[in-house]
């Protein structure tokens, strides 16, 4: 199989999968089976691509040429492959989880759900493999649109409001900032191809570069950098599998992935170091990390707390990207991978708790560890990963980030990382503690909670299996970080 | 002579126009307009002859015709009774 | 082969009286269909030939230009002609059921005749090489469109049509005055001849005034921002077929006329530099974009919403012309094409909805995603193109437009253009939300999807929207070629 | 009169055009608007015909002993334009008749008012902020 | 000059009057005056048409509309300021534009120089008819006239779409001012044959003098309009049934087109009449005759159809 | 020839005079019906006189016949139109102003 | 027969108008006359009021007489109009008539109207309503000279 064909298949498989799901809409089992099989297939494809890829002469697939001289082109590169690997690995797992979740939760419009899901993954693949900024932008926008029905899935007033905010913010930033930045870049350089070392020549003044960088990074609404972070908590009204895969992995990672790509391949790490705006953005990222952590601390709703945690974690990546040193970029790239395993586990847990125990608040979780030991154990693993303590995945990336900060002698960044670690601990550990060690609360005033299941046990097998799998992965990666690390270092040119 | 005649026709046209603007009744105006039309026919005939216009007589013939048809049309589509509205509307101006 | 140039107009034109003679709905439809497809085929062949061999001149009556009237098809004309004929061909397929439902049965044949006349008039404008002949075709199409619009079922169609008639006639008369002044100074009506003779007299006040009148007149037909008042009602209350056809073609042809006169006949140097038209166009274009989009946001009748959106889209085109650069003009011409695709798709789809449901306000649209899944999906895709979401055609034109503004360093303008896109996002999204996330009205009867003859044109256009968002060799290639011809390398 | 020097002819034509134009845009009665439109167009015809006139020329019909003819081309154009004018007026009148049947009025303001009232009644008012006038 | 003064006076009066009946009448008079002015400016054919159309047809159509819509205009509720400004600007622009215009009657004006001399010098030779206007109209710019015919046809379609024609005889009209006037009937009956023949004369003598298909069609229609006015629409519709009209109109247009297509099939450009006969000039002559006939038929039937449609409409109760 | 010219001049002068007279009458006379008479004045004699005036000047050609036709047309149609107008005015509520005293107008016969 | 007369009349009319006597135009003229007659025939069939006026010596005699009347009354009216005191005393009277056929009535009524000073305002079965500038005009009409002459025409 040639590389081009593989690339094409990587894009086509989820898209065709979406059609297959649509076609199988009357038969739920077939539909979900299709979903799952396609997920596996996709992962195998990505893995095989990654396995026999030569970085010197990557395959290039030209899809179209919407602008004269500017093609829609897919070219794998290390970071993208990493992103694709993670997304495609987690997709089948999420599908398993979703089967359990959606059925137990008696969701409607499941066909729409699985279809949009497949399209979203497909566009995430497109983002990952994008060979130039235009391609990335195209899939970025498709991803925004495709995830919209997932956010508004429930159709309630709240969901619609969230959907509006979601789409509005993402579209507004991308069309309002990223698109002009892109066009300006095109105007200045005549290319948008991702090139190691950047595309800007010396003739472009640093002021312009600063402005462009600001536009690019702020235009990436999916990176949830403050003040454009509001969509993420709002999007939590979506069903949990969505939150788990998309808002912990695909969508937000697409955002930070974009930032990283822009930083590394459009500006170049070295150029970045000389741009004033990079520092501004770094400060902004640091602020976001701290602010989001503080907010997370005050959120009682579990998914909201996780969402703010995500915002905070995403900004690590931005921070790393903006450091302007190779180690920072490596840390950022690693964090894309590492955060994914931890956060998806956490979301899986939150969903499992919601479906099984009908609890969504942190304050209700006292003693739940005894009823749902596996779930809460996985939760603990995820939490540790978030904090960045060994022996879980999060440690590795944080390590590199810290190294990068030190490398660049950015004491502000170092401080942010240290303080935020403390904050992370502060908002995750009490949950774990309460779940296992606090006594269970008496049921609230009866009658009010008709749907409460005081005698619930562990979550159903698909959910439990999925979340345990991801927790295990989070630990495994800590011990065998070879593949992602190699990829990221390749990217950073180390 | 011819010039004098043309002048006379023009003067008559002015007078007709004055009547048409003054009214007071709609019939006066119709009458004046009709007269004006007839005078135009004469004007074309005389003036055309004086200035040696080409085929001016065809046109004069046509004008005479149009003038007649126009007047008939006014009468035909002018329904009784609507004239009383004039009072309600406080004059035709 | 040569005769195709004239047949492309004559066939639909002469089919109109044939329709009247047939006087029965089915044969009339068939005649229209055949005529439209014939024209489409002819337009394709003409464009191929013209782009390969250069402009084609055809002297009508055997009298060489400037004495006789000539048809002159160049790439620009062929391009717009192709748009017009393609839309006509699709609309005619669509029309059969829609017209049978919306038009009283005994008038269908005449309605088709009117539709054909609109079509032939528009096609004629694009091919003629004579300024006055352009006026004649303009009037054929305008008169027929007044009638066609007035056939809408709402009584407001009548007042809208009247308003259009008054403003359109003022516009046409202004054009007539403008042509008269040009003729006065040059003694010719042939466009090429005019272009050759105008520079000698271009600093006379008469030519300047003529220029102003032509521009304002075309602006009226174009529904350029402050002169757009006729458009929303006319589009909103016309029969679906008519709305779709007019929205996709009429203003495009007016843009063509603007390009032809402003850039070719007067020349860039005169129009955009000696006269301050560039700034005026940019300013009005922006105002049009913003006001049109803003008003569209508050509309609840979907046809009205899209009509206001058309005002905004015209703003984009005019803005592009006003940029007076190759990129800007490319963007304008490209948007002519793309907008025809998206508005054609959207209005046809709304027509399909109207065919099944009746009215198309936001309220009726609730739950449409379940009731008419295919049609609604088409509307959503068309809407995405309207916003300019990649990979749709709308994105490509917006790209070039913003590129054009940035080339000139017009930062604010670029931002406002993109802001317009966001407004489009708002109104399109109101529609999407209603369609998918609101339950259908309780008393809504179960409806079947629109017949295939309506869905196929709709989806053809939707597919074209996506195709031309990805593969732009044809659309952008031709547009930029035309822009180079018009503006010249230096621009 | 044909010896009239200069541009007065044009100026008066312009004045007449503007008179017609004024009627079109200022009057609310639809029939009067149409009359104004016709006035406007007719005056434009004067403008055109004026430019074709040659001093001491004759009507462009071949005649013996005549060497100077006025330009026939404006005449041809205006013949066409007259037809266009009458066609427009006819369509406009037909529309007025239909409007009168549908609304019971041919006054622009009243039609507007009735539309607005109908909008309110059905609750379909679409924020028609701009009232189309002119 | 006097004519122009008349025109100004009439136009001003038309603005001020609020009795629409009078306004329409003044408009007819205005048209008539314009036509006289056209005569003075050597535009015989135009004067002919303007008189027949502006004063005749347009006036009659407007009057028949007024019958349905009422005579009185309401006082406009808007101030005249904005329109005045718009008009002022437009007028100023026009005046500005005329400042550099060639003087009236200047034989050296560009208008007289470029294209026109060929029409004047060659027209009678190439097309073979003394009336250069007809030569230009029907041959040099025959395609414009083809379009013009379609314009009128379109108007017919439009009016028929909007109003339709009530078929068959109706009851006699109500109490109109003409009522049942004997004198009128007799005189009209005497005049009509003359009008008919005159119309046909105009039709066939367009080559030589003022006139042509369009004018002839209008005059012919006028004859029937007159008949309708005096004898009532029931009778008129029996003489010329409405169902003929739109077909005739279509046939007229098609006749014109067919002449063009014949040339096209003969391998010449569309509307090249020289293909019609061996001798090109003869062909031109024949072609002009035929297309003028087509124009005449179309104009006659469409004008009459429009009149039927408007006048046959009953007042909404 | 001279005779013709004198005759023609006479016709034109008298015609012109009558024409103006009619116009004056149109202005001076008190009510609609009287004005009709004045209008008739200009049409019945003035028009033929004027036309005859140019006929007399013209060289012999078919144009003479045309002038004759115009004359006949004017003479045939104008009284008819005037008559129709008068009748309409009568029915439209125009009261003829009746001279004081000696006219015993039978206004009661109004339809 | 009527139509033949009419056709001849129209043919003369055509020849007078035309002035071109090529075979083509003459044949077109013939066609035109036929078409006109055909249309008139259709009208006659519909309204049942065919036109019977045929030119005759008597008619011309009458017209000559009428012309004399017209001249007389013209002078009279002109004199009144120019007279500073405006000596008009309009009257409106009923004029008993004995004419019968429509054509006679038309001719009579139009003749009355044609002579300035008198004006037919309504035509009834057995009387006209006549408006006159002065009583004398009415009196003259009542003298019946005009009516007699018209009846003598026998149309």
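A, B, C, D, E, F and G label the chains in the order they appear, each numbered from 1.
The definition used in the following text is that a contact is a pair of C-beta atoms (placed from the backbone, for glycine too) under 8 Å apart; a residue touches a chain by one contact, two chains touch by 3 or more.
Quantities reported herein were computed from a predicted structural model and do not represent experimental measurements.
K.L.:
By label order, what chains touch subunit D and subunit E together?
P.N.:
Neighbours common to subunit D and subunit E are B, C.
K.L.:
Any chains in contact with both subunit D and subunit G?
P.N.:
E
K.L.:
Looking across all chain pairs, point out the one with the most C-beta pairs in contact.
P.N.:
Pair with the most C-beta pairs in contact: D-E.
K.L.:
Between subunit A and subunit C, what is the separation of their C-alpha centroids in Å?
P.N.:
Measuring from centre to centre gives 43 Å for this pair.
K.L.:
Could you please state the distance in Å, as a whole number, between where the Cα atoms of subunit B are centred and where those of subunit F are centred?
P.N.:
Chain centres of subunit B and subunit F, defined by C-alpha means, are spaced 12 Å apart.
K.L.:
Report, in whole Å, the distance between the mean C-alpha point of subunit B and the mean C-alpha point of subunit E.
P.N.:
Taking the average C-alpha coordinate of subunit B and of subunit E, the gap between them is 20 Å.
K.L.:
Find the geometric centre of each of subunit E and subunit G from their Cα atoms only, then give the gap between the two centres in Å, rounded to an integer.
P.N.:
31
K.L.:
Going by the contact rule already set, what residues in subunit B reach two or more other chains?
P.N.:
Correct list: 13, 26, 30, 51, 53-55, 58, 61, 65, 67-68, 72, 75, 78, 80.
K.L.:
Give the residues of subunit F that touch two or more other chains, as numbers and ranges in rising order.
P.N.:
17, 22, 24, 36, 66, 69, 73, 76-77, 80, 82-84, 87-88, 91-92
K.L.:
Going by the touch rule set out above, which residues of subunit A reach two or more other chains?
P.N.:
Where subunit A is concerned, no single residue meets two or more other chains.
K.L.:
Pairwise, which chains touch?
P.N.:
A-C, B-D, B-E, B-F, C-D, C-E, D-E, E-F, E-G, F-G
K.L.:
Which residues of subunit B touch subunit D in their complex?
P.N.:
For subunit B paired with subunit D, touching residues are 51-55.
K.L.:
For the complex, give me every residue of subunit G touching subunit F.
P.N.:
Residue list for subunit G touching subunit F: 13, 16-19, 70-71, 74, 77-78, 81-82, 86, 88-94, 109-110, 113-122, 129, 131, 133-135, 138.
K.L.:
Which bits of subunit E are touching subunit F when the two form their complex?
P.N.:
Those in contact with subunit F are residues 175, 177-179, 181, 183-184, 187-188, 190-191, 194.
K.L.:
In their shared complex, at which residues does subunit E touch subunit G?
P.N.:
For subunit E paired with subunit G, touching residues are 181-183, 185-187, 189-190, 192-194, 196-198, 200-201, 203-205, 208, 227, 231, 235, 238-240.
K.L.:
For the complex, give me every residue of subunit C touching subunit D.
P.N.:
Interface residues on subunit C, with respect to subunit D: 132, 135-136, 139, 143, 146-147, 150, 155-156, 158-159, 161-163, 165-167, 169-170, 172-173, 176-177, 180, 183-184, 189, 229-230, 232-233, 295, 298-301, 304-305, 361.
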